[in-house]
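A, B, C and D are the chain letters, set down in written order, and residue numbers restart from 1 in every chain.
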Amino acid sequence: MCQKKYIDDFTVLQTRRVTHDYVIIDLQHPSQLPDIRPGQFVQVKVEDRPNVFLRRPISVHDADKNQGILRLLVQEVGEGTRWMGQLEPGQKLNLVYPLGNSFPMPKTDRVLLVGGGCGIAPLLFLGKELRKHGIKPRFLMGARSAAHLIDMSEYRELGDVYVTTEDGSEGTKGFVIHHPVMKTDKPDFDVIYTCGPEPMMKVLAKYAANHHLDCHVSLENSMACGIGACLCCVTATQQGNKCTCIDGPVFDSKDLKW
Amino acid sequence: MCQKKYIDDFTVLQTRRVTHDYVIIDLQHPSQLPDIRPGQFVQVKVEDRPNVFLRRPISVHDADKNQGILRLLVQEVGEGTRWMGQLEPGQKLNLVYPLGNSFPMPKTDRVLLVGGGCGIAPLLFLGKELRKHGIKPRFLMGARSAAHLIDMSEYRELGDVYVTTEDGSEGTKGFVIHHPVMKTDKPDFDVIYTCGPEPMMKVLAKYAANHHLDCHVSLENSMACGIGACLCCVTATQQGNKCTCIDGPVFDSKDLKW
Amino acid sequence: MVNLSVDLNGLQLKNPVMTASGTYGYGEEYNDFYDINQLGGIIVKGTTLNHREGNAYPRMAETPMGMLNAVGLQNKGVEYFATTINPRISHFTTNVLVNVSGSTIEEYVATAERIASLPNIPGIELNISCPNVKEGGMAFGTSCPSAVAVVEAVRQVFPRHLMVKLSPNVTNIVEIAKGVEGAGADSVSLINTLLGMAIDAEKQRPMLSTITGGLSGPAVKPVALRMVWQVAREVKIPVVGLGGISNATDAIEFILAGASAIQVGTANFVDPMVCVKIIDGIRDYMIRHQVNDIKELVGALRC
Amino acid sequence: MVNLSVDLNGLQLKNPVMTASGTYGYGEEYNDFYDINQLGGIIVKGTTLNHREGNAYPRMAETPMGMLNAVGLQNKGVEYFATTINPRISHFTTNVLVNVSGSTIEEYVATAERIASLPNIPGIELNISCPNVKEGGMAFGTSCPSAVAVVEAVRQVFPRHLMVKLSPNVTNIVEIAKGVEGAGADSVSLINTLLGMAIDAEKQRPMLSTITGGLSGPAVKPVALRMVWQVAREVKIPVVGLGGISNATDAIEFILAGASAIQVGTANFVDPMVCVKIIDGIRDYMIRHQVNDIKELVGALRC
C-alpha cells in the first residue's frame, strides 16, 4: 500500500511467439513508467472474451522506465492468455500496475534463480536488477522438453544458464532438483529465487531448509482484485493468512506453511 | 415446420457501409443454398461479445441460390449488430436458416412495398420475386433524414421509389403516411407489404382497413430460439398467440390484434 | 466402448443427455438439425389440463450470460397434446417425457391421468416450480407440504416414471427434495428458473409484460450445481441436473456433483447442435479419464 | 445542476453510489485511483468481534459473468479495527459504514457496541446473510424470527444508521425485509451473494476449499433487481440495491426498481474506476432525461 498504483491503457508494440505456447508482448506506456521492481505484476483486462470475467495477473518480464516499455512473457493456458497471445500492434491493453511486493536484494552474491514454466517470466527482470547491484546471477530453468523452452540468450547475457527437461531433449534430464548444481552436499549458492509450479517450489523450499539457504518463492495464487481488497488470494503463513497480491507474490519460503 | 432448417458457417465476402449506421454483408455458403423466400430470416450467432448471449434475427436482404450467396442489410443499433458491421472478408458467420414464413404473392399487380428503418431489408428480395412473377412493385421508403437513407438504385431497377424523410431533407417531408401516394381517396394499389417500426406498420394496417386493401406486415418481435421451440416471440392474433418466428414474421394485418 | 447408458430408477436412457421443458418444443423443431433419437430423452413443453394462452408479449429479455422468460405455460391443453401432438411425435424412439403443470392439485392429477393413458410416454416431469404463472406453479414448489401433497396425489394416478422438478427459489431445497421423495417421486430434476427481473432504463419500463420472469442460462449454473450437490447427498432417488449447461464440461460438472442425468435448456437456442456435441464430449471425457461407465462419475466429486 | 444527493433515512449521501463490503477493502486500496471521497459512501470489510482467519485457499472461482468467493469473513476483529484501522481511515470525508457479522447475537451486539463508540462511523451494515461461514451468518438471514431477533438486539446498542443486509437465499425475502423493518432497521441493503458452487471437471474437485461459496457479479443482477423491486414496494424504509451493478445503466435500473442508493461490489475488481464512471453516468442520464433530483427516479419504474 506504500506504492502508488495506476490504471492505464498501454499500446501493444509487438507480440512475438517464442514457443508454440509462449508469447512475449511489448507494451508502450503513454508517457513514463513509475518505478517497477522485479517480482511485481500487472492485472491485465481481457476484452471481449465472454468466459473471462476477471483480470489476469501477469508478472513483469522486463521494464524500461524511461522508454515507458513494459514486457510480458505469457504462457497460453486458457481463454485469457490465448487472447493475449493474439494481440496485435496498436491494440490497447488496460493494466492495473505495479502490484505486489518484489524480490528482496540478497546480502550475498551467490544466488540461484530457478524457473519453471511461465515462472521464468519475472526472473529476467530480477537477473537484470541483480546485475545492477553487481551480482552475477545463475539461472536454472526447468521445462517439459526443448520445445517448451524459450530462447535463453537474454538470460545468458546476465549469467550462466542451466537447463533441465523432463524428457532430456535439452540439458539435464529430469526436474530442476535433479540438476548437478543442486546435487552437491554444499551448494555453491546462498539464496534461491524461484517462480514456477508449486510442486517445484515446494521441493526447492525443502532443499533450502535442509541446506540452510534463503529461499524466496513467488506464488501464483488465483486472484480477483489484485490490490488487497478482496482477500481471495491468501496463502497460509506462520503469521496467518496473507494476501499473495500485496503481501506477496514473493514470500520467504520459511514463512509459508508448506 | 414444413421447410427444412439448416445450421452452417458462411464466409463473409464483404461488408459494405452504406450509411453511417447501415451495412450490407455478403455471405458465401460452402455450397448451394436451399430455397429461400422473401420475408424469411436467419439467426446470426454473434461471437465474443460478452453481452450478446442469444442469436440475432436478421432478414434476408437478397439471396442467390445457385451462387450460394446471401445478403444481409443490418442497422447497427446495439452490440450484436455493431459486431456484424465490423465483420471482415474471410470471417465465418454461423447462421440458422431459412426461418419463418414469407410474403405471399399477390393476386393483383398493384402492390406497394413500404419500408421504414431496417425494415427495408426484406423488401429488395420481395421486389425481385415480384418481378419474377411479372409484377412491377412500387416502393415507399421512410427515413429520419437523407443521411439515414441507403442508395435506392437497386430498388429503382425494380420499380418506382418514393421517399419520405422526417426532416424533409429528401423526398416528401413527414412519415410514409404523408406521402401523396397515400393521400388519395382511391389508392392506386390493392396490397401493401410493409416492414419497419411498429407504429408505422400500425398506421398502414389502419389505412389498409379503411381502404379495404390487403396488408402484409412483417414483425420484428424479439426472439430467443427463432424456430418455434420457446414461445417467446408471440404476437396476439385473432386465433390466439402466434409465434412470430414460425407463424410469422409476415402476418395479414387483419389477423393481428392491433 | 464406454457405456453412456443410464438407468434412471427404471427409466432407461441411452445416455444422460435430455432436453429441458419449454426449450425444445416437441422435439420436431430440432429434428431438422440432427436425429433427436440420439438423445437420452426429451421433455416436451409444459402441459396443463386446459388450453392456456400464456402471458402477453414481451416474454423474453437477455441478461448477462442468461435470459429471462415469461412464457407462462402457453399450451393447447393435455387433450390436444394426446390427440394431435402425440401421434405426430410417437415415432420418436427416444424417451419423450411430458412436463405437467397446473394451478390446483385436481388439475395436476387430471393431466397426469390423461398422460398415463398414452403408452408411448414413459414418464412425466411434474413442474411444481414454474415462476411464470400467477396461481399454483411455483407456489407448490416453494412450500414443502404443498409439494408433498401434489406429488402424493399424482403418484396415485401415474404408474410410470414420475420425475419432480424443483424450484430453486427456496431457502431449503433439500427439505423439499426429501419431501417429494417420501411422497413417491421416482426422481427429482433441478433447477427450474430463478425468479428475476430486467428493466429497460431508457424506457423506464420492465422488459417483460409480467415484470418478473424466470432466469436461465450459464449465469445460473453455479446456483444449480450447488443445489444438485446438496440434494444428491440427501436423497436416494436419482437426481437430474440442469441450469446453464452449455457444453460437455458443464454436463460433467453436474454429474460429478451427483446428477445421474442432465438436461439442456437455453443452450439449445444459442447452438441447436449443442446436445449432440455434449454427448460426444462426455464420451471423449470418459475415454480421456479412462472411465468405462458413466455411473462411475455420478457424485464422484472428490471433496 | 442535477441533485444527486440522497437522504437515506437520516444518513446523508452526496450521491447514491456506495461500495459493497468485502470488495473494497478499507477504501485505501482504491484511493490511489481516484479520491474516494467522491463516493456516497463505502462499506468496509465484514468485521466480527474476534479475529478470524477466514477459509482456506482457494477462495475464489470465476463463473459465467460472475465469481464465487469463500473468504469467510477474514478480519482482525473489531478492536483492531477500532484502534488500528479506523484512525488510518478516519480522515475520509465520505460515509464509512462498517459491515458487522457474527455467529451469535451476543457477538453481533458486542461488535456493534464497539463501533457505536467510534464517532466517525455514521452507521453499520448488519450482515445477516454471509453464506461463507459455518455457524450464524446466513442462518440469521434465512429465517425471519432469527433475523428479527438479531436486529432488535443490535438496535438496542447502536443509535446511528442501522442498515440490514439481506440474504437472497430465501423463499420470501419480503417477509424478512418487513421483519427487520419492524425490528428497527433504518434501511435494508440487498442482495448479498447467492449460494453457488463450481467444479474443476478435469481435477474432479470443487474449485473452493469450502465447496460452496457466494456468487456475485453481473450474473446475479436479474435476481437482485427482482428482489429490490419486491422489497421496495413493501417496506417504508429506504432500500439499498446491489448485485452485479457494473455501469450507470445497471445503477439506474436498481433505482427505478426502488433503490434509494446502490452499492458496487465485484465490478471494482474488473475496473477500479467503475464507481466514478457510475456517478458520472447517473448524472448524464439525469440530464438526458431531464431529471433534476435523483429522488424522482427512485421506484419510478412504469409497470
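By definition in this document, a contact is a pair of C-beta atoms (placed from the backbone, for glycine too) under 8 Å apart; a residue touches a chain by one contact, two chains touch by 3 or more.
Just so you know, these numbers come straight off a predicted model, no measurement behind them.
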{"item": "Chain separated most widely from subunit D, comparing mean CA positions", "value": "B"}
{"item": "Geometric centre distance via CA averages, subunit D-subunit A, whole Å", "value": "36"}
{"item": "Centre distance in Å when subunit A and subunit C are each reduced to the mean of their C-alpha atoms", "value": "47"}
{"item": "Gap in Å, rounded to a whole number, between the CA centres of subunit B and subunit A", "value": "55"}
{"item": "Per-residue overlap in subunit D, given as positions that touch at least 2 other chains", "value": "63-66, 217-218"}
{"item": "Of all residues in subunit B, the ones touching two or more other chains", "value": "50"}
{"item": "Pairwise touch network: line, ring, star, complete, or other", "value": "ring"}
{"item": "Chain pairs in mutual contact under the definition given at the outset", "value": "A-B, A-D, B-C, C-D"}
{"item": "Residues of subunit D defined as touching subunit C within the complex", "value": "63-66, 68, 142-143, 169-171, 194-199, 201, 204-206, 211-212, 215, 217-223, 225-226, 229, 244, 249, 252-253, 256-257, 285, 300-303"}
{"item": "For the subunit B and subunit A complex, residues of the former touching the latter", "value": "48-50"}
{"item": "Sites on subunit B touched by subunit C in the complex", "value": "1, 4-7, 45, 50-55, 96, 221-236, 240-241"}
{"item": "Touching residues on subunit D, where the partner in the complex is subunit A", "value": "22-25, 28-30, 32-33, 45, 53-54, 56-60, 62-67, 69, 71, 74, 217-218, 266, 268-273"}
